[in-house]
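First chain A sits with chain B, and in the next complex the same chain sits with chain C.
Showing the complex of A and B:
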């Protein structure tokens, strides 16, 4: 199956970056998709690269991502998504989960681990 | 007044006696007829134009009798009017193909739904109506009384006493309607014995018993493998438990058969317990013995369960839990679809299940454009019982919240049943689950039906749960607000994309729409590790080895 690369850039009104340096969620092989979040200086913008086998859902990806960025006032983040036929539902949930993970203070995460 | 008319008041009885006399020679001993004489028996007792009931539902099937009915001579037996719960087996439609049957009144069809639509379109079958189970059972006692019933049980003795046991299901309601209106009852059983373990149907209500060449077909329809539950389903189950089960403290309910409710059942001992809900919700159920409910039962959540039918593999577990299930003196479950449907309609505070499509008004259906599937019991479970007169806290709270209550009954207090549909906004193959118009409307045109087959109408539906959140649509003041609430949880479907941000914000402030964040649900916890059992093997362990899953679910 041919993979397709989609690139997006968003800017929230009052952007703030994530607490952790990076976060990773999900497995692309056995699961539905993986998300990698990385703190990066982008003048407050969010850059996203999506690698997906599904065609015809560019607009939905853009809407899902734009909403996540806006709802979370996200900025200075680089996001990489490797999609394995995830529905927009799963994509949206995985992103929300990844962000919640990335927003937890480092220490708390260590204690949980 | 003049002319005197000599009236005959027992013509049915006389006709039945004539039919029985014709087949006397086929009876071996008591009421026993040999399997190889079954076709001759049917040709002898069935007359053209008879209403005939062929027992079967989404579980057990009178499959041998169905096959024999296909083999009768259509010159002798034709134009039958079939009245039956489901259309599940190939033979159920073959009788129409062969010109033996002509008209059908039924309730549910699964695998044969596509072929049924073809038959209706091609004029091979005259479709009376699609009913709910209770509605059809009701008509067995009015205008659809079977003249001959072909039923199924586990065992019979020579006097015709039937043991239907774990899978009693529809047998009592069919036999009573048929026999007491002078009809003829024929039963296929797996075994003819000297003494049945218990009498489920008394022998004098049964005319003939036949030992079938092989045991009747039965499907494990209510077994859901926890291994297939997704993280999204876990998230939605968390929302259901916190935003509905906990919010209303619903004590009595029916769960649908899908993975959403399986996820809820498996979260009760973990997430539910964490929220302190044990004892406050989920005490009484009407549903089949779902294996996924084992962990919650073992943890003491459930007080009572009445069943429509059995479920393969759950026999020994049910037997050992007679405080929870309805169990006979012989130790096996007594299911009864008619009573369980009545309980589901009148005694339950909530119905919760899944669907395939929800339209922009909140009507939902599992019908697709080319399949006449029917809904079985779902519409009776999934509707407000307008005849209900007893109260409960959940029912009253839902009624108090009902946005148009005042327009309907003024200041008079009245409760409302919770009718909840869980639906991911996109289904497999990225088909949207929220639509402008239901496929059911296309089906109506394609198959020439009187009306589109709607499973649950918008005025009965109270809550919609998607991965985006819960819409408490019963709280809405009018259809305009209701449509906005539906858009707010419809995600990235065309319907959802029409949501207005400001409008959604107001709905969230009013508590008509709640997102996982509004419900204070930690979304990072929404994953499979929260399930009390993660696969079938763990369900067996929870049951202490009493649950014995069918072979197709054993993968270890």
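Showing the complex of A and C:
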């Protein structure tokens, strides 16, 4: 009954890391999830940890995450996801939103400077 | 997250805890304490197989409103109904403690003009109270927050902000009542026992939780404003709440005490008078009280915008 932890590792063809040191997006509501992206030296790989109460969806998570990594050529990123029954489409949308958040300037004030 | 300008335009009801925390203080001034990156999630939920959140459903931090340092606590209703557990509770307690430490420092460094830099605490409530999964730790968190509020009394203002979807119920209803000033929108709801719980315990005849109009006219911002349970009623936007908070910062500190609803013998007597009037007036509906206080057409009041409402409403007169 305890929470399950899934771990994945991916490698894109031409990996590049995110702009911010770290970025966070999402709220762990019912059917939703949050993701924390951290810049980390991983030899171009992306490591992902998913914490979820749902069993039996390891393969689906792998497919969703692999696609996001491939489509965005992600590398040297450590990703941690807290899930509460997010569907695959919600998961990939939140990941894309988090990547958009990670590509913003570090602080809002710098944006206007 | 949206940029600060866009956050201002957001409906307060729709804003999540972090958006509220960033948007209620001056642009670019918010620094989060124990942010998601610190990964301080609940140690109790994993063993129960319950989803966790990095911030445990509470966003805390420091921002500015003009020259005033403002310590913000913002609760997330989407995460387990905003219920308060051990970690979230500790974050609330420590934030108020930091505000008090800052008060001591500011007073020591600039004794002549410390009032201009007087810290304040803002709590944006969205909760049903104790997180039952964490039982005693959740209850203890409530008691400790109450303790801190008591310690802050007469030193720094503690302001409650209520306008989110879940409302403010259960133990946190008590906590909100113990603050100095309460600001609500008409979508904000404040009470002790939530509508669903009343229905479950006392039956549908006592309180029909599915009747939204009934729920809002009994627990909503307009009713609380008429009854003087909340001090200010604002429109449903982050900007409107922020504007009201800025105005509150201009209230000279000694006057803050007058806004309180509980906490002195006089105030207890005022509350007891209200209990007495529940017997003498015998209201069958919240709107009977609206009528009693001089609002001849209460239903019309329920339907109009906050702006029109504020222009025409008659409130209970406070004896203090």
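The rule is short, and it goes like this: the second predicted complex is superposed on the first by the 102 of 113 C-alpha atoms of A that agree within 3 Å, B and C clash if a C-alpha of one lies under 4 Å from a C-alpha of the other, contacts with A are read in each partner's own complex, and residues count from 1 in each chain.
Methods note: a residue touches a chain if its C-beta (ideal position, glycine included) is under 8 Å from a C-beta of that chain, and two chains touch if they have at least 3 such contacts.
Predicted, not measured: the structure shown is a model, and the values here were computed from it.
Novice: Determine, under the contact definition given at the top, whether A:22 touches first (chain B), second (chain C), both, or neither.
Specialist: In the superposition, A:22 contacts chain C only.
Novice: Output check: A:62 vs chain B and chain C. Expected answer is one of first, second, both, neither. What do you get?
Specialist: neither
Novice: Once chain A of both complexes is superposed, is A:34 in touch with chain B (first), chain C (second), both, or neither?
Specialist: A:34 contacts chain C only, not chain B.
Novice: Is A:101 touching the first partner chain B, the second partner chain C, both, or neither of them?
Specialist: both
Novice: In the three-chain superposition, say which chain, chain B or chain C, touches more residues of chain A.
Specialist: When the residues of chain A touched by each partner are counted, C comes out ahead.
Novice: Please write out, lowest number first, the residues of chain A touched by both chain B and chain C across the two complexes.
Specialist: On chain A, the overlap between the chain B and chain C contacts is residues 101.
Novice: What does chain A use to touch chain B in their complex?
Specialist: So the residues of chain A in touch with chain B come to 54, 57, 60, 63-64, 87-90, 92-93, 96-97, 100-101, 104.
Novice: In their shared complex, at which residues does chain A touch chain C?
Specialist: Touching chain C: residues 1-3, 22, 24-25, 27-30, 32, 34, 36, 38, 51-53, 80, 82-85, 101, 107-109, 111 of chain A.
Novice: Applying the document's contact rule, which stretches of chain B touch chain A when the two form their complex?
Specialist: Against chain A, the touching part of chain B is residues 230-232, 235, 424-426, 430, 466-467, 491-492, 497, 522-524, 526.
Novice: Would you pull the chain C residues touching chain A in the complex into a rising list?
Specialist: Per the touch definition, chain C meets chain A at residues 1, 3-4, 16-17, 27-28, 35-37, 39, 41, 45-54, 76, 78-79.
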